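What follows is a pair of complexes built around subunit A, which joins subunit B in one and subunit C in the other.
And then the complex of A and B:
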């Protein structure tokens, strides 16, 4: 009964910034647009570190598309930007002013529930006028095909829907991208994992402790030896009335080192450098986690198949190069370009050309080169080759390297401010751990004072989250429960830990026929839907049904 | 498609709302009046019809003026469009028969005759389940009870419904009836919206009806100068407006004789409770010992 299927000109899957940008652009061009969001509210499934950029070189920024965005949906304009190189108590701080302001029109801290929820209201109003609209609590679970061709989407809550274009903006764990064969969950080294705590701040405390006005904010980045040699770093952003404090690590490093992400976050939270900022009363509003694609490796050069165009995290469009961390702005640009591509293709009478046009636009507008810089491809990757990486690491840590860094002195700051250099940093221990540690040891000075912060235990963090559990209908299935296949999830999952019984994954020994097997069991109830276990364990991974699962209030 | 939904105000029996005196009698004055919970299912069935097929939903009740707030609740929560209250002293103390006579007359007086009349399954206070079917008898429509899902075929002028046979959730039959028809929604009734278009319309209606209910609320506000009689979506009819003889309605028109009332005895508190400190390991062991035989199935 194919004829009974509903049809919309455009279906946008996911109401994050990428989906919102696409939907707004489609609606402005009079395209009948339906937006489908699986959360109870837009933003309830979304987490980001929390810095949203508007780039001067970008053809679209979020406030172009949504006038009033900065007043209504974002938190503070980030006016200062620092990186702290840490070795024990020794800290050497560089002002990243130049790097931060390079190509930056503005950068605001954001909390996703507030931001996406506002965007969704705007989008619903705009798309409703086209005959479409925005629906929450509906989960798109796959692609509708006629023969081999993608013609629409299938859903848990609704009958299949056909469309002339499908914008897949369904995030880092995009089920559409997997269904279309454009992305996979195979290699841990293609991903980062971020965890974040949102800490409540008393009225006026941000202004006082960070020495900023009400309309100013600060971004702090942290790297060095405080993360137990796991490759990655930390951040702290000032929101209106809270701090976003988080860590982002290469997933392969977390997996190989059996690191506990929540403990690495706690290392940052309890470092004496943060003591004065956080204050004596630490109130954690929310703990959250998210997988982040490494665009250098996975930004899809041709993110479309038939009528399906992927934007944002779903297409791997997340730029993380050293201290440059930009995701949402690229999703916004890509969303608008995908919409533009469809509008162009339609006006020329061939909507099937939208995908190709989208790829051309991503290249012509310079988006692809930001996501996969040519100089990284040639130089950075070389630095990741085993022997080369070890050699560079050894040199940096040697007398020669240390002397060189000491000789650089404060000129090192200017090197950190070079977008060119940062774009070709190899993703090795050298960049994340060795250089910052040596810099701190050679150039830094010790911080005074002690931290009184006591981060909550994992079970309290889980207990404070809101869930609507889909009883009897777990959304993740363990395909292989042997410890060898899936054991990494016990530590890498941000809501599981070794010797903690209340998380998603736990390991146990099961005896049968006189032999003892080391196995893993899974309880999806505390799942935060980050997707880590899809990569590090052997699972059938899907999102919960519409409206079910975790509901972030901060995001 | 015009649907009429019947509702009644009942004491709010929810924990924390309801109040009983020492003898176990309901304290009517201390217990708020709310829309009969089962009537929500009837309203949801009517709303589903409106979303899928268009048209309007009228909500009708017989009772004192205080029921205006019950009607407002139906407007706010389940999106009723027009509200009707049949109210005067002559209608008071009616049994189900006299109520059915009055309500059926109210329905017949509507300018736009309904395609569907919906009632809920039993009221939370009377629990008879009579008023709906007796109203249907007065209206002489086909009656479909225990409806759990509903589809209207307006081309054919019929409804198709799934209903529980004898109210049994294990046994479901599909029936068809010509319109206009009278539907009693079962508490198991679940509206389904499998099309995006329907969910979008539902979302539009939510916005519209919230505004409308707030507007009606301004008329109901004691401090307001607005006269509720002026509100165009609310109509109140007394027995003269309905052209009903007082001898056939209210207490005088009620053939039911209540032989007596037996209060339901309070449950005797025979069980003993022992407080256990969860940090006291010895005590926890005794709890486990106590429960072990039950766990073993003894």
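And then the complex of A and C:
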């Protein structure tokens, strides 16, 4: 009796920037819009590195859609941007000014709990005018179908809801995208994993230590040998009263090298280069993690099915432009375009055409080309093919390569600032490790000082997080608990570690009388819902029910 | 040129802008600009619908000349709303009679005439009561079988009644919370509503309360097989009076008898009392002024039935209550369109909306010829603080005598499951808890822990979460001890025994919060840096497989008890 289900013109799943942008645009056009958010508060489930860009070429920016956004919801405007190439103590710093400002109207540091909860209040006000509103603690768990056609959503807490359009803005681990067959969790090389610590700063310390005004901020990026050959890099952004310090790695690299993400983050936190910025007192407010889609590989060229339109991370819309990662701005654009597509389709009397129109808009507005640059498709991929990659790597590290880089000198800085080159770089060890390391060794100079930072142990990091555990309802199920199938999660999971019993994944030997089996066990209590184990282990992965699980205060 | 050139703007910006344009011609110019420019379909729709709306507003229909035959009844209803001239209306009525002669259309016009003529009358004219079956002779009257529907008008109401739900013969927390809140509300009520000079009232001018200046009470209602055992407790939590009914058949909640009993109590001594309770010593009023129920499964069930039976309303799942005046202009309540009237002593019942962003405040107010009392709410558990019990408090206890009709027990409970209440680890002298240190030989580790438990007179066996969620392969004879009901910590039980022995537990914060109030903590761990070393009184660095047997031996020979007793005396 699906006819009895409640119906809205539009249902938006997820109250992040993509969902908020979609809902705001729908509401402005008088579309009856219901927004569903599984967290206790919007932002309580959301993490980002922390830089939100507004691009000049973009048809929508967040402050267009939400006047007052920058005053109320973001932290500092990032006015300076550097990358540090590190080899041991040797550091060579390049100013990324040109790359940072390329097509940039502004870029602000943000903390997602503050940002998303502000957006959600705005969205609630706007959508309730249309007869809808925003509900928190409600988890959409799948798609409602009539025959084969998607007509609505199913929920843990409520009866199914039908809609003329469903905006799937439910994040990187989108259950809707997976239900619709538009995304999967199969290949680790399609994902990055980000881990972040938010560190408290005394009043006035940011202005003093980073030499900025009260409303200005700095972004620092880090690459080189401080991450033990794992492909990726680090970042440090200044918030109003805290620092966001984190690392982002290719998930396949983390998995293959059995790397412990929290230790790689600690390598960054304790590097002497950061000692003066962090200061003598290191107070970690929050430890967090998230998966990041590699849009070059997974940005869906046609992110819709029937009435379901995916936006943001759910559609893989996350651009790594060399060292600069842009995600939230694309989610905002895509959200607004998806809404616009529905409004157009409705005014033409055929709401079922919304998906096609959305795809056309993504192409026409240039979003798709940013996410999947043509030049990467032709050149970059080639560079990742095994023999080519190792040959390039060997050349760079050879005397010839070293001489070339020395000869380049400060001209290397301008190469790093080319958005064209950065979009083409293959994802190999060369770009992340070898080049920066050689640059630092040949061109850099040693940093003074010692770090006194003592990052918390993993059990304390977990202990400091807030959880509402859904007792008796673990949201992740291990399908195969053999170490061979799921053991990678013990190291790759950001809240698990080898020889640590308090994490999600623990390796154990069971059996007696000589036959011993190497297995893993899973406790979802400390889970931060990043989705890493969905990719690297054999699981049935879902989000916890509405309001349950981890609650980020910073995000 | 119009002020706004739509081609300069994004669609999202245009929505609100267009809404502010009130000139249809200007909008038409905008439309042209858009058509010759970007020609975006949604923009055109926006502008067109705005034009349509404005023109609709302009197309005022003149009621004295309108062709009623062309109009639907709804149109007529809208039209007459703005007509204040009775001659115009009477003219319309004639035209309708001459035309389609629709009864519903005539009704709309007649109602309007009536309401205008009514309001022109001098103030003070009494409304006349017309029973519903006379007023609407064509309707069925399903309300007929609600026998009390018209019986109370201008009744007397007093007190706040609190339904105190019990489980397994004990009050549940929300009952205590409601008693505390009721006490606070009625104390404030009695302070605030004193005797007005006009009425006179009681001699003691300091007293306050009802309209005659007599204080009103908190009345607790207890129904169940062991209700009499709890009367003192509910008084201690704030009741002035307890009315209870006890019967073995009421061991578990059955909504029919519970509803009958509650309603019989509520009506006793008043004008609608049942036969056996027309005169009771403890109550003279008709019905409670306020009722409060817990919004539990059973409380929701009972509250809906009771309030329905007493012909009032119910604000369900409330999280806030206060008593205040309310200024009401709804003619259904005031009896006169256009008049506002202040109602006092109104229970304001706040309930959260779905999203938690908004609250609705529900009021339950009498209307002419029909009272809506008791003003009733069900309350979400945890909304109010549990008050401090005052065992010295005194109150009146009423054993409510009543024959229970066998018909009320027709539903038979044939089978039921008790949710596994599990194992209670609290209240023991000693707890032995095991952690992942048993990993090398899990079964043996559990056995050693159980041996130590047996060595004490009163000890219980607990586990860290890490063991419960492990994939350890336990032998059958110890498997029964592995379960979430033995978990100690944040998501398990919180214990504070005299002695807590933690073997192979690292002491993560989630575990610590479940045990760190214990008097003496003894930890056994191979890792001297384990967190637990920081908050244990005795720290034994060693392998639990070696240490536990020796500890068991020491306890059995009495050495440990002596050592601990000595230590805790310090």
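Definition applied: the second predicted complex is superposed on the first by the 552 of 555 C-alpha atoms of A that agree within 3 Å, B and C clash if a C-alpha of one lies under 4 Å from a C-alpha of the other, contacts with A are read in each partner's own complex, and residues count from 1 in each chain.
One rule holds for everything that comes next: a residue touches a chain if its C-beta (ideal position, glycine included) is under 8 Å from a C-beta of that chain, and two chains touch if they have at least 3 such contacts.
If you're wondering where the values come from, they're calculated on a predicted model, not measured in any experiment.
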{"item": "Touched partner set for A:6, first subunit B, second subunit C, both or neither", "value": "first"}
{"item": "Touched partner set for A:135, first subunit B, second subunit C, both or neither", "value": "both"}
{"item": "Partner chain(s) touched by A:68 [first = subunit B, second = subunit C, both, neither]", "value": "neither"}
{"item": "Contacts of A:202 with subunit B and subunit C, given as first, second, both or neither", "value": "neither"}
{"item": "Partner chain(s) touched by A:449 [first = subunit B, second = subunit C, both, neither]", "value": "neither"}
{"item": "If touched residues of subunit A are counted for subunit B and for subunit C, the larger one", "value": "C"}
{"item": "Which of subunit B and subunit C A:508 touches, first, second, both or neither", "value": "second"}
{"item": "Partner chain in contact with A:159 - subunit B first, subunit C second, else both or neither", "value": "first"}
{"item": "Partner chain(s) touched by A:301 [first = subunit B, second = subunit C, both, neither]", "value": "neither"}
{"item": "Which of subunit B and subunit C A:25 touches, first, second, both or neither", "value": "second"}
{"item": "Where subunit A meets both subunit C and subunit B, residue numbers", "value": "124, 133, 135"}
{"item": "Partner subunit A, residues of subunit B touching it in the complex", "value": "193-197, 199-200, 203-204"}
{"item": "Residue ranges of subunit A in contact with subunit B within the complex", "value": "6, 8, 34, 36, 124, 128, 132-133, 135, 138, 157-159, 161"}
{"item": "Interface residues, subunit C side, partner subunit A - complex", "value": "10-13, 15-16, 40-42, 44-46, 354-357, 435-436, 439, 443, 465-466, 469-473, 484, 490-491, 506, 508-510, 531"}
{"item": "Partner subunit C, residues of subunit A touching it in the complex", "value": "24-25, 28-30, 59-60, 64-65, 121, 124, 133-137, 336, 340, 343-344, 346-348, 459-460, 462-464, 469, 471-472, 481, 501-502, 506, 508-512, 519-523, 525"}
